[in-house]
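This structure is in structure tokens; I'll ask about it shortly.
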Amino acid sequence: MDFRLTTTDLHALLPLVILSAGACLVLLIDLFLREEARSRVLPPLTSLILLGALGAGIEQYISLSPGSFRFPSERLGPLLTPIWRHQVFTAVGAILLCGIALAVHWISTSWLREEDRPAYGEYQCLLLLFPIGTILLIGARNLMLAFVGLEIFSVALYVLTAMRRTRSRAVEAGLKYFLLGAFAAAIFLYGSALIYAGKGTLDLPDLGAISREGLPAPVGLAALGGGILFLALFFKASVAPFHMWTPDVYQGAPTPITALMSTGTKTAAFFLLITAARLFPHEILPLIPILAIVSILVGNAGALRQTDLKRLLAYSGVAHAGYLLVAYCAIALGQGHQDAHTAIRAILYYLAVYGITNLAAFGVLAWLERREESVLTFEGIRGLGRRNPFCAAVLALAALSLAGIPPTAGFWAKYQVFAAALSAGQTTAAVVGILGSVVGLYYYLRILVALYFEPAPEEARIPAAGFAGALTLGLSGAAILLFGIFPSLLVDPLIHIRL
Amino acid sequence: MIASILAVLPAAEGIPNPSIPTSWVLLLAALLFILGIYGFLVRRDLIVVFMSIELMLNAANLTFLAAARERMLDPEGQVYAIFVITVAAVEAAVGLALLIAWFRLRATLDVETAVELEG
Amino acid sequence: MSAEILAFLVLATATVAGGVVTLWSRYVVHSAFGLMLSLLGVAGFYVLLGSDFLAVTQVVVYVGGVVVLYLFGVMLTPPDREERSIRRIAVAGIFAVAALVVLLKAVFGMEGRWYGVDPDRGPASGGAVIREVGNAFMDKEAYLLPFEIASVLLLVALVGAVFIARREGGRGS
């Protein structure tokens, strides 16, 4: 038994350490600052902390990749290994989540300044705590640790959703999200309890081993628990029919928080779905393609009817969860490791691209959103191509990428997902996915039409965006194009991913 | 059904109160969990909905501890139960904060009035 | 009927009856006391299952903390006379019965197959287990990381709850 954390342990947890120390620092400094000084000191400090965590993630990625000379992975030793995956998988997750949090922070700086009573300290503290929860969910080798992570980022999101606490829409969205989220959390816990009752452990590797070695695949309590657990995860990933909360909460939450929710939560949930794939009860494995198909249908059908852009993106998020599940079929139902690893890489690629694209889309919406609670509809973006070419270009690129049209990154993401499913023999799901993407073209192209081919309304005024917001939009727009033209830039770094 | 319940063997020797079968406790936990789900689905009063969630969390805890006893008082089950209690406290705090914010704006606790966002 | 079985039956009645009162009562205060009864029943079960420490924690944190928090919530808000919707009750009832059947099947499908029983682990006593639990929390190969991270969770809740529940114009004015 060892009670002391060594420097190597801390190295394995470096992004978490930086983020949690940073969150406390932000809270403390916030206490001693005047109202005016807050807006000057805290945002750069938060950027610095997030950049530090991002750097730590990248450093871990480099040191963990095979062939690196600086920190051979053997030297890190089996210190925290029973509970923490110190692997490329986790490092990639940490990089993604810190990147998302950083982008959301940059998008929100100018937005926050426009608020009645900007709450810099609390907002930024919670923004720094969010990636901690998601990284824990990704790196956890134990379901209880994963649950604590899930709870950290969920609670942070409930609060951030309701942060405009004098506006009843925001509080309503926060309350709805909290009620359904707490319900899902209780279901997750009961599922884990049943797994523990059946198997006597919550360590994910052990659970996998038990279902592999001669012993019967999860039966009885453990199988039931696994099924219940997956319900909760599907809820977090907003897979239909567990998506009811998505449109309302996306619409009611402040736009930058919606961006965080749609990218961060989905990424984390799918990472855990990948790690926990073996817990899925075998009797209902055929349900996964069905869920994928239902999500694609429900998401696309819902998106067709929307005039509110945030609700549209919420439904499109449901459809994208469906596309991701198509690749997930290959992990759950495919034959052997080859299929599984191809599918995992496809999912991670998709998540990265979807994250960048959604950040771009919501970034533009956050920019356009006025201080008043404006409704972001097709009306609002009419003729944006002439009023603000930069915004319009980024939104157009994002829409093209979400639709999966070359030469954007979204095309390669979809291609890989469907290719992985087809090579694993999941033809039906892949075909429905491809058909769904074709239907999706309609509403994504409607965005393009509104942007460029419709006249602008008279009194349209575009609020000024800060430098950081513009930089984020520019970077994400550039990334969509860059990864679309040179997909290997994003494929190659994922080559070392192992389950 | 009754016969199958009575046919269950008592729990293993060497653990506290072995004459109480573990499956009885698991069954009671299941009942509590389902009561919680029922309350969550049926009741509209927010506080009662929160209480239903607490019932569900307690069902999880009871399952953890019953399973831990079956394994000679495995400490892991108790560790998990402590985490669940922590989470329950966290959710109660945040939930009531949201409830107070909501009540300031609306002066009602009826969930059905949460319809401002077009559904 | 042995004393343990009798205790089981009494506690089971208290737990379920408390739960039913929580769900069924028209008055939120009654619900809160029903919840308290149910939680005390669960604490009794913990004693019966040999987890004395958890029983004490349950009473201190839940009954002493969470239920009192709910009672404050009840006092801060006026009574709400809700109407019962028969359709909703019927749908939820069918769902609950179906879920109960599935769970029953799973529980009795175990037939004594408890995986993960450590064969070397001898008869256990409550006192020794508390030491093991404490060590597990402080052992970095066991639950040191989740234990430390739980403090982050509490920080989130603390900051979040104060942020949301604070009156407008709170800070500095």
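Note that the chains take the letters A, B and C in the order they are written out, and that residue 1 is the start of every chain.
The criterion applied here is as follows: a residue touches a chain if its C-beta (ideal position, glycine included) is under 8 Å from a C-beta of that chain, and two chains touch if they have at least 3 such contacts.
Note that the structure is predicted; figures quoted are calculated from it, not measured.
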| item | value |
| --- | --- |
| By count of C-beta pairs in contact, the leading pair of chains | B-C |
| Chain at the geometric heart of the assembly (C-alpha centres) | A |
| Between subunit B and subunit A, distance of the C-alpha-averaged centres to the nearest whole Å | 29 |
| Rounded Å distance, subunit B centre to subunit C centre (Cα mean) | 5 |
| Cα-centroid distance, subunit A relative to subunit C, in whole angstrom | 31 |
| For subunit A, residues contacting two or more additional chains | 144, 148, 151, 155, 158-159, 162, 165-166, 174, 194, 197, 200-201, 221 |
| Contacts with 2+ other chains: residues of subunit C | 103, 107, 110, 114, 116-117, 135, 142-143, 146, 150, 153, 156-157, 160-164 |
| Residue numbers of subunit B (touch at least two other chains) | 26, 33, 36, 50, 61, 66-68, 70-71, 74, 76, 79, 83, 87, 90, 94, 98-99, 101 |
| Parts of subunit A lying in touch with subunit C, wherever the complex brings them together | 1-5, 9, 13, 16, 20, 23-24, 27, 35, 79-84, 117, 119, 122, 125-126, 129, 132-133, 136, 142, 144-145, 148-149, 151-152, 155-156, 158-159, 162-163, 165-166, 174, 194, 197-201, 210, 215, 219-224 |
| Contact footprint of subunit C on subunit B as seen in their complex | 1, 4-5, 8-9, 13-17, 19-20, 22-28, 30-39, 41-45, 47-48, 50-52, 54-55, 58, 61-62, 65-76, 78-79, 81-83, 85-90, 92-94, 96-101, 103, 107-110 |
| Interface residues, subunit B side, partner subunit A - complex | 26, 29, 33, 36, 40, 46, 49-50, 53, 56-57, 59-61, 63-64, 66-68, 70-71, 74, 76-77, 79-80, 83-84, 87, 90-91, 94-95, 98-99, 101-102, 105-106, 111, 114, 116-119 |
| Complex contacts: residues of subunit C adjacent to subunit B | 2, 4-5, 8, 12, 15-16, 19-20, 22-23, 28, 31-32, 35, 38-39, 42, 45-46, 48-51, 53-54, 57-58, 61-62, 65-66, 69-70, 72-74, 76-78, 80, 82, 88-89, 91-93, 95-96, 99-100, 103-104, 107-108, 110, 112, 114, 116-118, 121-126, 129, 132-133, 135-137, 142-143, 146, 150, 153-154, 156-158, 160-165 |
| Sites on subunit A touched by subunit B in the complex | 144, 147-148, 151, 155, 158-159, 162, 165-166, 168-169, 171-176, 178-179, 182-183, 185-187, 189-190, 192-194, 196-197, 200-202, 221, 247-248, 251-252, 308, 311 |
